[in-house]
Every structure is written in C-alpha cells, then in structure tokens.
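Could you have a look at this structure, given as structure tokens, before my questions?
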Amino acid sequence: MQTPLKTTLSINGTRHEIEGDARLTLLDALRDHLGLTGSKKGCDHGQCGACTVLLNGRRVNSCLTLLCMHDGDEVTTIEGLGTPDTPSDLQRAFVDRDGMQCGYCTPGQICSATAMIEEIRQGWPSHASEGLEGEVAPTPAEIAERMSGNLCRCGCYPNIVDAIADVIAEEGP
Amino acid sequence: MNRHHKMDSADRQNRLDGMAQGLIGTDVPRPDGMAKATGTATYAAEERREGMLHGVLVRATVPGGRVADVDTDALAKALGDDVTVITDARLLQVPAQGTDGKAPPQGPDLVHYVGQPLALVVAPSFEVARHGARLLGIRYEGGEEGHFDPEDDATPTELRDKKTVDIGDLDAAMAKAAHSVDAVWRTPGHVSAAMEPHAAVAWWEGEHLTVRSALQMLKFNRDELADALGIPAENVRLLAPFVGGGFGSKLGISHEAVGAAIAARQLGRPVRVVLSRQQVFEAVMRRSETRQHLRLCADEEGRLTGIGHDCLVSNLPGQDFAEPVIQGSRFAYAAPNRHLSLRLARVNRTCAGSVRAPGEAVGLTALENAMDELAEAIGIDPVELRLRNVPEEDPTDGKPFSSMMMAEVLREGARRFDWQRRNPIPALRREGDPRREWLRGMGMSLLVRGNILDEAEARVRLLPAEDGAPVRAEVETDMTDIGTGSYAVLSQIAAEMLGLPMERVTTRLGDSALPPSPGSGGSWGAGSSGSSVYLACLELRTRLARALGCDEGELTLRDGQATGGNHSRPLAELLDGGTIEAVGHIEPGKTAKERRQATYGAQFAEVEVSRHTGEVRVRRMLGVFAAGRILNSRTARSQCLGGMTFGIGMALSEELEHDPRDGHLVNRDFAGYHIPVNADVPQLEVHLMEERDPWANPMQSKGIGELGICGAAAAITNAIHNATGARVRDYPATPDRVLAAMAVAN
Amino acid sequence: MNPFAYHRARDEQDATATAADDGTSFVAGATNLVDLMKLGVKTPGRLVDITRIEGLDRIERTDDGGLRIGTLVTNSDLAADPVVRRDYPVLSRAILAGASGQLRNKATTGGNLLQHPRCPYFQDLAMPCNMREPGSGCAAQGGPMRLHAILGTSAACIAAHPGDMGVAMGVLDAAVETARPGQEGRSLSLEELYRLPGERPDIRTVLEPGEMIRAVVLPPPPGGTHVYRKVRDRASYAFALVSTAVVLRLEDGYIQAGRIALGGVAPRPWRNPHAEEAMTGEPPSEALFDRVANILLAEAVDRSALGRDGAPGFKIDLARRTIRAALWQAVERSEGGAGKTAGEAA
C-alpha cells in the first residue's frame, strides 16, 4: 500500500496542507481533494492542455506532475484568475469573442494564455517567430503556435486567437 | 396548458420576424460563457458526493473469445478488502447507438474487440482503483476467429439493400460520356474526441437512481440505462447540465454510467467512473473507415449524366449502424443515371457509430474531390461545374426542395474568396524554380446536409415581479448544451417571443426530469427544442393577449411591456402576482416526407504545400452557409468554425490506425490521433446567408451543427491539387501521402 | 500506477546513492515518467526527486568559451537563453519545435535526453515489446508505425528517439557530464551515451545504476547558419516523422564546414561523419545534397508494416527529402545574410 505524504503549498494565494497518496497528481489533488474543478482532465497525459495551471507563475500541465513534488510551490488555477463577478481581462475577452463552446478546454486555454502573454512580454521566441531575438510581434500565427498546447475540439481557435489579441492590444506590450 | 403543433404543412406565419424584442438571429453571447471562462461550470466527473468511491474499467487485450477466468488474487493480496471487482453480466459490450432507447449488447464475458471493458474495479480512491485495475488477471479462451481488415476478401460483408439507389443505366452513361471520373477514395476511421472524457457519478436513494453523466440525449439515455439495469425508467434520473463536447460520442448510454450504477447499488455508496482518454478512444464509437468508388460522367457542357457512389464501411458483427456515406449523394446533384450502394463489412474493431455528420462528412468529401477532378477533365471552373448541376428537385425521389440555397452559397463564396484569382493550372507545373519550396493552391467544395426535426417538449414559465425584481421567464427541457449554444438559443427564443431582455430569461437544461427533447445530435437540437420553446411562448402570449384584451396576433411584447388593441400594460400587471406556464410540443409531420429539406454550404481554401516534404498548411479558408433562419449568429458561426476545423483535421491529420493482426486501435491518445491544434487553423472566415424554410419548423430554421464538416476536407485536398497537381484520394493528406500523390501526378 | 517511495534528494551524492538501488528512478520534470507510470509501463519502487538540488539549474560559460547547461534547466529557459539564441540558435529552434509551451516549462535538459520512445506498442501493456519486457518480441514491426526508426534498429526494436533538443545537441557536439555514486562522474558524447538496441533494447543508455546526468556541455559556438527542420503530422505539438538539424558555413559559394543530424529516424540523434566530410569544400548542388542524403541513409531499413497496401514505407524517402530541404534552407539563409536561422519555413 502507498504511504500518504503531506504537502504544503500555496494555491490561489491560500496555504493548503494536503495529506495524500504519493501517486496523487497535482491535477487530481486540485479537483478531487480541494474541489477546484476548474482545472480539467482531458487526457491525463500532457497531450491536451485542459489541466493547465500556473506553477510559480509559469504554465504547466498539472496532470503530469505529482503533488508531492510541489512542497512550498505557488499554484494559480482558473479560480485564482478571476470570478464571474470579477473576471480577468482574458476571461472577459473569451466570453466576448465566443472563445469557447463546450467550455471544457476553456479554463486551460485561459490559464495558458495568461502565462503566454507574459512569455511574449519577456521576448521568448516561438517556433513561429521569424527571428529568435528582439521583440515578439503578437500576430495570429504567433499566438496560434504558442497556444497549440491547448486542444479545442469544438474548433474555437480563431475566436481564442482574437480574444487573446484583444487583451494584448488593450494592455499593450 | 399545452400548445402542440405537428409539421404537416409549411408554416408560413413566420411569427419570429414579427416580434419586437429584436434579439432573434443576433449575436447574443452565451449566458453560460462566464461560468465556463471562470471554471465554475461543472461537468460530470466534478459531481461531489459524500463517501464516493472510484471505479476504473479493465479492458480486453484480445479481440475475441470468452473470459474464462478473472483472477483477483494479486489484487486482493496487494490491496485487500478495500477493492471490489465487478463483472456483472449487465456491463455493456458497446455503448448504445444514438436514439436507440434500449440497452446495447451486454455481457462482459464475451469479447468482440480489443479495448472492450470487461470488469470494473472500485476503490476508495482513484489512485488505488487504477492500480487495482492493473492487477486484475483475465484469462481468455477461444477467440481465434476474427476479421480485422474490411477490405480483406475473407471478411464477411453484407449489402445494405434498403440504401441502394439504382436509376437509369449508369454503366451505359459512363460508356458514352464526353467526360468522366472513375476512381476510389479511402477515408480512415475518425473519433469525436470531445475534450471531456466520458464520466458518470451514480447514486441511489432507495429504488431511485440518479446519474450525473456526460450525455447528449437524456430522453433516450434514460430508457437505455433503465433497460440495461433492468429497472423502470421512472426510477432513473439523469443530469447533464454541462457536457464537454459530444460530436456523437455521447449519443448513447455508455460503459461508465452502467458500471457506476451497478457498483453504487452493490456497494451502497456513490460511485464515479471516468474513462481514461485511451478508453474513450477504444471503447466508445468510431466513425467507420470508408472505401468509396465514385463514378461521375458528364456531357460536353458539364451537365452530369451519371453519378455512381459505391461504398464499403465496417462495424462489429451484429451492429446495425452503417456509416451512411451515400446519404448526401442522393440529392447533391442532378443526374439521370444513378447508382448508389452501401456495403457493410464485419470486423472486430471498436464499435462504429455516429461521429459528427455521419455520412455526409466523408461521403461529400469524396464526391467533391470527384467533382473537382471532373471539372479539370472538362476544363471548366469547379464552381461553374457545380452551378450547372444544381438539382431542381431531389434527383433520387423527385421530392421538391423545401428551400435551397445551393447556387447562392456557391456564388457568394466565390465572390468573397476572390476565387477568380485562382489559376486552374497547378502551381507546381507553373513554377519551375525548385528553390521556391512552398506552392500555393486554391480549392473549393460544396457542402450539403439533410435537415431533421424531431419531437420535443419544453416548459416556459413567466414569473411575476417580486422583491423588486422584474418579471422573468424560465425555460425548462431535458435538452443538452454540448457547446452548441442551447442555453443561449433557447433563452433567446423565449426572450424574443415574450419581449424580455436576455438576462431576464433563465434556461434549465440537462435534467431528465424536465420535459423531453430529442437532445443534441443530427443537428436537430436547436430546431426541435427551439420550436417547443417557441410553441410554449406562443401559448403564453395567447394568455397574455387575453388578459390584455386583444388577439395574440396584435400583441406586441417588448422590454416587459405588453401592447395591443389600444392597451399597453407592463407584464408585471398582467401577471398580477401569479405565475403562468405552458408546455410546447412539436412533432414532425408530413413536411418531413413531402419535401427534401437540406442545408447548404460552400467552402473555399487556400493552402501552401512544400514541394520537398509534402507538408500542407492551410493559409485561408472561407465557409458560406445557408441553414434557414439563423437563431444566434454568434453560436451558429462558432458551430461552423468547429465544422471547418473538423474538416481541416479530416483533410490533413486525423486517422485511426488499427493493427492488422488483431484490429486493436494503435493510436489511442491525443499524441497519436492528431486533431488540429491552434497552429493548424488560420483565422477562418464564416458567412451566414439569410434564408427562411417554412417546411422545416415554425421558426423556419434548419440545423447547422454538422454542416461545416460535410465536404470541408475536399476544399483543402482540392487546393492541394491546385498547388501540386496531386490527387490525394487516400486520406488524410499527411506529408507521405501528398508526396506519393505528387509522384503519381508528375 | 504502482505505489512507490518518494525521496527528495538533498544533493547529488544523496541522489546518486539513493538511486543506485534497483527499481529506483530519478524524477525532475516528470512529464515523461509520470506519463509512463500512469500507463503501467514504468513501475519504479522509488522516486528520487532531484529538483531541489542546488546549482543544477544554471547555464554558465565554460573556460573554453562553450556552455554548460545544468540538468535542471527547463526547455523553456534553455530556448529563451540569450546566449543560446545568439550562439547556438539551432538548439533554440529545436526545442521550440517540440512539445508545447506547458511541457517545455516543466521538461528538463537531462530528462529530455533520457525520454522514452513514443512507440505505441511500448506504451501498451497488452503488446509484446522488447524494450518494456526483454524477450517478449516487437509488435511494432507488424503495425502501422509512423514514429519508428529506420537507422540503428535491430530485429528486436524499431523505436526512435522522439526528442528534438537532443538532435540539436547532437549536431553541436554536446557531451553529457554525469555524477555517479561513490566515484567520479564522467563525460560522454551523445554517441557514447545512447546504446543502440541490438538484442537488449531495454538498456537504452550506458548510464550505470545511480548515475545521473548533471549537465550538458556544449563546445564553443560553431558559427555558420543554423537550421532545424521538423516534418510532422500536424503544424505543432506532434512528434517528428523526420527532423534535421543543420549547421552550415558557406563562404564564397563553397561549404567550408557542414554538420547534419537527424531526428525521429533512429534510437538516438543520428550523425554520420562521412556525410559531413562529403560536403566540405563543395559548392551546394542537388547532386551534392543527394549524395549527403545517400550516405546518411545508406544503412536505412524500414521494418514497419505500413498500411493496407503493403507499401515499403515512406520514411526513407521523407528523410531524404527533409535532408535536402534543410540543406537548401541553410544555403538560402547563408546567402541571405550570415547567422540567420530558420524554423517554420512557411
């Protein structure tokens, strides 16, 4: 049998101590132990991006990491980005642009986009970038490449790109 | 009080256009949008129940035979009494087909395909259940017989006689035609790949079972589940307020709901069963692969004289469903000589069933490739060829069309896409410099999809103003919103009919205790359940008119104010503190038989193809669609974007790969089965055309959920031809297949 | 997933000593290991978490002007590193052509090099696989494979190294620096690190029990034009059918030095010195690049059984074409201005 492990970490600014099976993934801990079900399980193997959360500010697949490895870390989930009454700019833009249909991939898309905008600001290049150095122009092709780790079967990609472009345009580089 | 309407004749009242709120057809945002964007919308697996146990299904690792023994020793030794193994004879062999309304084949001791669930391991946690499922030992006996290749001569096949169309003499027409095309296309199997895996949480209260699940059609699903469990349907309640995509995969009751219900009963606690992504691939429906033999012939002017479409598809032995590949070919083009047939091969692969737009999705694709080849053979523009073959009536059974916009979508699409810029000579033949790696080409295709109305009921309630809140309306039906926009569209219809702003209408869906609808599938959801909401509202309007003292026809409702017959009063006054409600009930009638009802689209694509590697990138894509009245231009557009994106996947990357030795699905995850990612999809353009179809339903709308995929892939492969001269007839057009086709062509 | 003991290593010594025991795995980014543990393909009895070891997440200049990349440097940080972007652009390009933004944020340098093949038969416990279970057979050879190897394979295994980063590191002559329990670590070239499958595809590297990659060392920048060309079944977020890393120095219309490594086609990043020698001093031409491809692919054999028509398989031809496309791309970029790089060509 698996001996339980205790992990202490910050989730959406609140300290949580979770005692659980060492096999518990960060995703299952969020969903099943803390009731933070905004992070979705689409494939459980890092192939769809529905489970994307921010780990110490960076986007990761929470399904592919073990909770016990994250003692002391800071996690932000979709619930930490905004609420229906106080949504983040991206959350509002996704609604405005219909960047969702079934909604299952949506929290992962928005978490991913939140960190992705920051990556663009830091000048990280992408596979779609013409050059590796200098500022990144947030063209639809750049946004699409950078968001390709988040599958959407409903086919909302053009709307997702528009929503993200809106936020980048509003907030400036 | 109810309002019932049967579509026995065209409904030309067109009442919706006379309403005053000004919402119908507009791009109202989905009311559930913010819940989805903030993660507060909850899906089946997220139902939390006190004391809930977790179940994991165990798969068959062989394609046939009988389960001789289930060995639980290793499991018991490792995990003790916490774990329960369920091999109940009521577990399903395959999920139910859409609208079956009865249990699918049951009994996990007989194996028909690799991946078939054989047992359920239940434990206090998911981690332990998953481990337990791995430790279960299953011994099989027998099972040497099996067929895995639909095209193998030894594989049994049967002709679906009822589908055969044989008019005139196609062979003779082909023989004397000025121009013809005669070739074979193949499309591989596809899966719906909805992002939410199949999940169910089941709990019992006495004899009453409640299951929170991911389902598209609760009315049918309730009967299927009850039948599978051997209990009365009245004792079953299904909940599916949010469903993370369906595309056909959640039409019928599936392994997880039955397994969870059995386990919950046996263990006296709520049980959750979620399929792993791999299980969704191999234990839920696939779209059959197809082999399609197309024959087209035409006279000098490009008028079709014959259409032949003879197809082979597959399914498990005993399954009735056969991908209806020739469905669209029955009426897409006029031609006096027609031969259409469908043959079903019996193979031991994952069960075949409905995946978005069964039939037309793959059938129109091959037909539209053949039309492109015919246009080239004749030497006329592909759009022009289609315009010369617009049918006057259904060419197979002579029924008049209800309304049809085929020519209009073709012309509008060509204009908007600047189609005239296309050079009919493939770029590769024009461009000699081998250093110009990327070759551009343009292609187009026609899209058609039959329209269906199904019986539906909905309840609409007008609630009086109270506590300072204004008059509100509630809509209730067991209809689902699988991303299609039901919440938006049904609220919108009620808001329009009752003269209320959107935010004052609440729609409740996805509960089998609510009035029954046909659910989401076959593109009939919005038209059917929307019509029932419309009828309920019509009944409420009649009562409001009576209270106001005018005829319903004179009544204007707007922003909570009723006006008519020289009276004008706020709804709050008319209701006088009371609630009024009505159930609307729509039934299909003679219009379904008397008219060919169909939706039309035209898609145009511009691609770049690497002459070196055969890689294809879609650079531009436009879809023009006509589907009767558009109820919500925003959600309709999104549905079309989705269909076009499916089309990109079908054209370029999606393919189920089966092992030839045991039929097992080799690429059973998202790393192996390539649905399009964001970078595969350019900023698609959608244009919706105005149309009214009085034969379809009282709202004069038609289904749009599947139209976008019906032939979409052909626009892309036709563009590949325009770039390279290559005819990819073996889908998908992956780099290797494009290179192979280029080698043949040049 | 089996139960396991979890140990958070304090330092390298603690890590290597603990991991020397049977059935123990190192874990860092976890993206590949947790994936395989969920499938039941990997069943370690103990995990040694090395992510808290100090000093392994740095990128530093070496004395000879090269670069030393700590094993815990994430793919994202490595691809975005200003020095890597400027001096080793093929490495940035290769990393950015792989996986997704999320995975690159988690995946580490050492873990990336040691990732397992994405052979679907390796990942399916119901299928015979010599890599997973020595002696059970290789079912992949009768299956519809697209991600299989055509070079360096054996009758026992046709699995390909699936990574992109390693292909660029291969072309850059990278070496891994290891730490070992109870003795000095060592330096291994990538050719030395990876074993070819032979009879024992389950032994994928020469690393000993408890031996851990602590860094990857790049020699001084090679200059020239860098190209990473990856052909896959969709535009992004897919493993390579074939990939090619090229570093080319072109002067006055002649190739002064050319290097080329292949990915997706062999159990390790694949180079052949004869192919590179053949380019030296030659002007670029179709004939030359054909010759380079011929040398690289001389031993290629496609052991997969592809599709219904029993065709010989596409991979050798696609590899040949990708080599030519990448080399021409490098030539064009060189002519268009020194130091340019290319990823997505279109």
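For clarity, chains are labelled A, B and C in written order, and residue numbers in each chain start from 1.
The criterion applied here is as follows: a residue touches a chain if its C-beta (ideal position, glycine included) is under 8 Å from a C-beta of that chain, and two chains touch if they have at least 3 such contacts.
Predicted model, so just to flag it, every value in this text is computed and none were measured.
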Inset, instruction - Indicate which of the five shapes (line, ring, star, complete, other) describes how the chains touch one another. - result: complete
Inset, instruction - Name the most central chain, where centre means the mean of Cα atoms. - result: B
Legend entry - Averaged-CA centre spacing for the pair chain C and chain A, given as whole angstrom: 27
Legend entry - Averaged-CA centre spacing for the pair chain C and chain B, given as whole angstrom: 40
Inset, instruction - Mark out which residues of chain A touch at least two other chains, giving numbers and ranges. - result: 1-2, 23, 44-45, 128, 145, 148-150
Inset, instruction - Would you pick out the residues of chain C that each touch at least 2 other chains? - result: 1, 3, 38, 235-237
Legend entry - Touching two or more other chains - residues of chain B: 127, 131, 671, 676-679
Legend entry - chain C residues within the chain A interface of the complex: 1, 3-6, 8, 27, 30-31, 34-35, 37-39, 47, 49, 51, 76, 79-80, 82, 85-86, 89, 92-93, 96-97, 99-103, 105-106, 235-237, 340-341, 343-344
Inset, instruction - Quick one: which bits of chain A touch chain B in the complex? Just the residue numbers, please. - result: 1-2, 21, 23-24, 28, 31-32, 35-45, 47-48, 50, 77-79, 81-84, 87, 91-92, 94-96, 98, 100-107, 110, 128, 140-141, 143-145, 147-162
Legend entry - Parts of chain A lying in touch with chain C, wherever the complex brings them together: 1-3, 5, 22-23, 25, 44-46, 49, 52, 55, 58-61, 64-66, 68-69, 71, 112, 115-116, 119, 122-129, 131-133, 145-146, 148-150
Inset, instruction - Would you tell me which residues of chain B are touching chain C in their complex? - result: 59, 61, 114, 127, 130-131, 134, 149, 151, 434-435, 437-438, 608, 610, 612-615, 617, 652-653, 657-661, 664, 666-668, 671-672, 674, 676-680, 734-736, 739-740
Inset, instruction - Note which residues of chain B are touching chain A in the complex, please. - result: 29-30, 32-43, 45-46, 48, 78-80, 125-128, 131, 192-197, 242-247, 274, 276-277, 482-485, 634-635, 637-639, 641-646, 669-671, 675-679, 681-684
